[in-house]
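Following are the structures in question.
Across the two complexes that follow, chain A remains constant while its partner is chain B and subsequently chain C.
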Partner chain A sequence: MSLYTALQEVESHDFAARLGVANNLEMLFALAEQEQSVKELLALLQNGDEANRLLSHVISLLREQEDVRYLNSRDVAVAVCIWALGRTQPALARLLASEVLSAPRVWWARRAAIESAGGGFIQPAVVASSSYSVVSTEGWGDRGSQTKDVLIVQEPGTELIRTGQVSSPNNFSTSTDSLRSLSELPGEMTDGSSESETLTKVV
Partner chain B sequence: MDMIIGRGSQRDPAALNLYTTANRTRIENERPDQEICVEGLQAGHRHVLTVSPTARCRSLTSMYNCVGMVFASRRTSVATEHLEVILSDDGYRPVSQEKAMEGDVVVYRRNNVPQHVGIIYQLEKSLHSGQVINTWVLSTWGHLGEYIHRIAEVPNAYGDAREFWSERRPA
Partner chain C sequence: MIEHAWSLICTKCVTDPDSKNVTLVEVVEQLNGAPGTVFPVMAPFQTDFVSTWYRSDPTQGARATGRITVHNPDGTDREATQFAIDLTAFYRAHVVIRSAGIGLMATGVYFFVVDFRLDGQQAWQTVARIPFTVALVEGAAQLRGLEPRPAGA
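Then we have the complex of A and B:
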């Protein structure tokens, strides 16, 4: 079975229906494991080139404009691809997960992406620690409340701005490497400013 | 763009403020923004009938799941992991299968983990002996819609109908 054939099956409505009875992510992946096309997919993804092809294909799927009234029809397929990549090419799975997190109209795929990020398979050695942060919110809410952890993913551009390597429009970068928005900086220096600060406005 | 993922939590404006009655424990829930497309739901319906040929569809919608149907009035999706908290906090007590009645809750477990929940819809009794010959359950299969089905005719992944729970107060 070629990657194309396997994906044709994985992206079908019938495949989504068979997995769609799942009540949780664990069940979804357990059902996926029983599918012949997924077994083939897992075997194909041992090859790095095939894995890269899959990644490009799924990212293009996420950018397709479908009927916005409905969930993405490849939602289950994308979730399975994240999981399959996670088992074979974890670095690519993380890349795909980061794409999925900003994609609209996905349900299972978003859960798979969060699981792949928070489930302990982000390794600082592979993804720079400054590009994401997982914030444990346990105990933040009222006593006894149950809250989920929060994953904050930053665009590379944001990171460059934050580290002072690049300035963004309407922001002042200062020699003290702090970043303030325009609204925080009136025409005159603020109380917190020191005389040694130099200001640069980027437009 | 920074992205904060906390859907279903108290900070999610789309989530319902859903609490258990006794301990006021907040139940995380998530309301899908969109339905599954018609073709997807129809494929789901065909699949349900392969698992349970006698099943009848009550509502073909993907806007809530099994826990949301039973405990949140079909308004949202609630993870099955919250089932035990809801049952204990909402005053449900276990009953034997023989004493279960229409309206009671049936919990399916696999490896002792709750996987699915439904409501007993009908106890079909033999006219001759009065014994229950079929138990029909109303439940939502994943996000594929709400079905009336025989108690044992569910996907293997749901496990078995192990427990029956009731909040009934005797007359």
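Then we have the complex of A and C:
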């Protein structure tokens, strides 16, 4: 089964109807896992190129104009795609989730996106959405905290994703170790230098 | 009045449900791409830009608008992300701007510039400029621990 054959099934009304009996995200994903097309999708998404193609495809879907009076007919499909990417390529799932948060007329997909993008925060609640979404936790109930926490999920560059200019997550690291730098090293740095210095002073 | 306490970029900010303390995981100062990376490119790399604001007078609430603008290495600016800083009911606020990916134009030093303006004011006040280096580094994947380094390296 090719990616597009699998997606054709996942985006069908029959598929949405079968999963429509779910009353929470866990149940939705448990039902999705039973579907043959989703099993195929999970296998295909192990390949980074296929995952990138799925990402571009779903981003395009979100831009399609449908009847604005109704929920997006691909709502369940998009939710399943976020979940499937989360199982196989978590970095790409987060990219998709950021896009979905600002998409209109999605319900399941929005919940899947909040779960994917809101990690580290407690009971995230979406309070705004335009070019970015605010997922906030505030008040902390009766504990009387003096701190308000606000999580803003930024929409990444859609154009780069839509045109498939997404790098493999493995292509990037965050080390400041210049050991393997190809370019010239600044100042008096040597091959063993780090670009950062940490000073610890015990007082 | 509102004061800016600190801002930084990390891979994840987690709030402890009991103490409400934030834990900042892996403060990021540099992103290394593998040689041959073609720009512009979206690096699917999650970052949390964490900014903490507090009341300068603990007894006096205040509201302001914050703004984060990314300056590209070529001097151009990207669209700013604005957010409300509402300290009418709280003493301090942690604002986390989570990005699932960074659009990179080229290698070089990017700057995350933090500005704010109080409600009713027009002028933006810059409170922080955080450099973020993007480089092409051989063995970026090995540095990340994803692949073994070659023997003798």
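Rule of thumb we're sticking to: the second predicted complex is superposed on the first by the 121 of 203 C-alpha atoms of A that agree within 3 Å, B and C clash if a C-alpha of one lies under 4 Å from a C-alpha of the other, contacts with A are read in each partner's own complex, and residues count from 1 in each chain.
Criterion: contacts are C-beta pairs under 8 Å (C-beta built on N, C-alpha and C of every residue); 3 or more make two chains touch, one makes a residue touch a chain.
All values reported here derive from a predicted model rather than from experimental measurement.
Trainee: Is A:L42 in contact with chain B, with chain C, with both, or with neither (first, second, both, neither)?
Mentor: Neither chain B nor chain C is touched by A:L42.
Trainee: May I ask you to decide whether A:A91 touches chain B, chain C, both, or neither, giving the answer as first, second, both or neither?
Mentor: The answer is second: A:A91 touches chain C but not chain B.
Trainee: Scan A:M1 for contacts with chain B and chain C and give back first, second, both or neither.
Mentor: neither
Trainee: In the superposed arrangement, does A:A103 touch chain B (first), chain C (second), both or neither?
Mentor: Neither partner.
Trainee: Quick check for you: in the superposed arrangement, does A:I59 touch first (chain B), second (chain C), both or neither?
Mentor: A:I59: touches no partner chain.
Trainee: Could you let me know whether more residues of chain A are touched by chain B or by chain C?
Mentor: Between chain B and chain C, the winner on chain A residue contacts is C.
Trainee: Kindly classify A:N24 by the partners it touches after superposition: chain B alone (first), chain C alone (second), both, or neither?
Mentor: In the superposition, A:N24 contacts chain B only.
Trainee: Contacts for A:H13 in the overlay, against chain B (first) and chain C (second): which applies, first, second, both or neither?
Mentor: First partner only.
Trainee: Determine where on chain A the residues touched by chain B overlap those touched by chain C, and list them.
Mentor: 137, 145-148, 150-154
Trainee: Which chain C residues qualify as touching chain A in the complex?
Mentor: 11-15, 17, 20, 22, 26, 28-35, 37-38, 40-46, 48, 79, 81, 83, 86-87, 89-103, 133, 135-144, 146
Trainee: List the residues on chain A that touch chain B in their complex, please.
Mentor: Interface residues on the chain A side: 13-14, 16-18, 20-24, 27, 30-31, 67-71, 73, 101-102, 105, 107, 110, 114, 137, 141, 144-148, 150-155, 158.
Trainee: Provide the residue numbers of chain B that touch chain A in the complex, in ascending order.
Mentor: Listed in rising order, the residues of chain B that touch chain A are 1-11, 23, 25-26, 28, 32-37, 39-40, 42-44, 46-48, 51, 62, 65-67, 79-81, 115-116, 141-144, 155, 157-158.
Trainee: Can you check the complex and tell me which residues of chain A touch chain C?
Mentor: Answer in residue numbers: 91-92, 94-95, 97-98, 117, 119-122, 131-132, 134, 137-140, 143, 145-154, 156-157, 160-161, 165-167, 169-183, 195-196.
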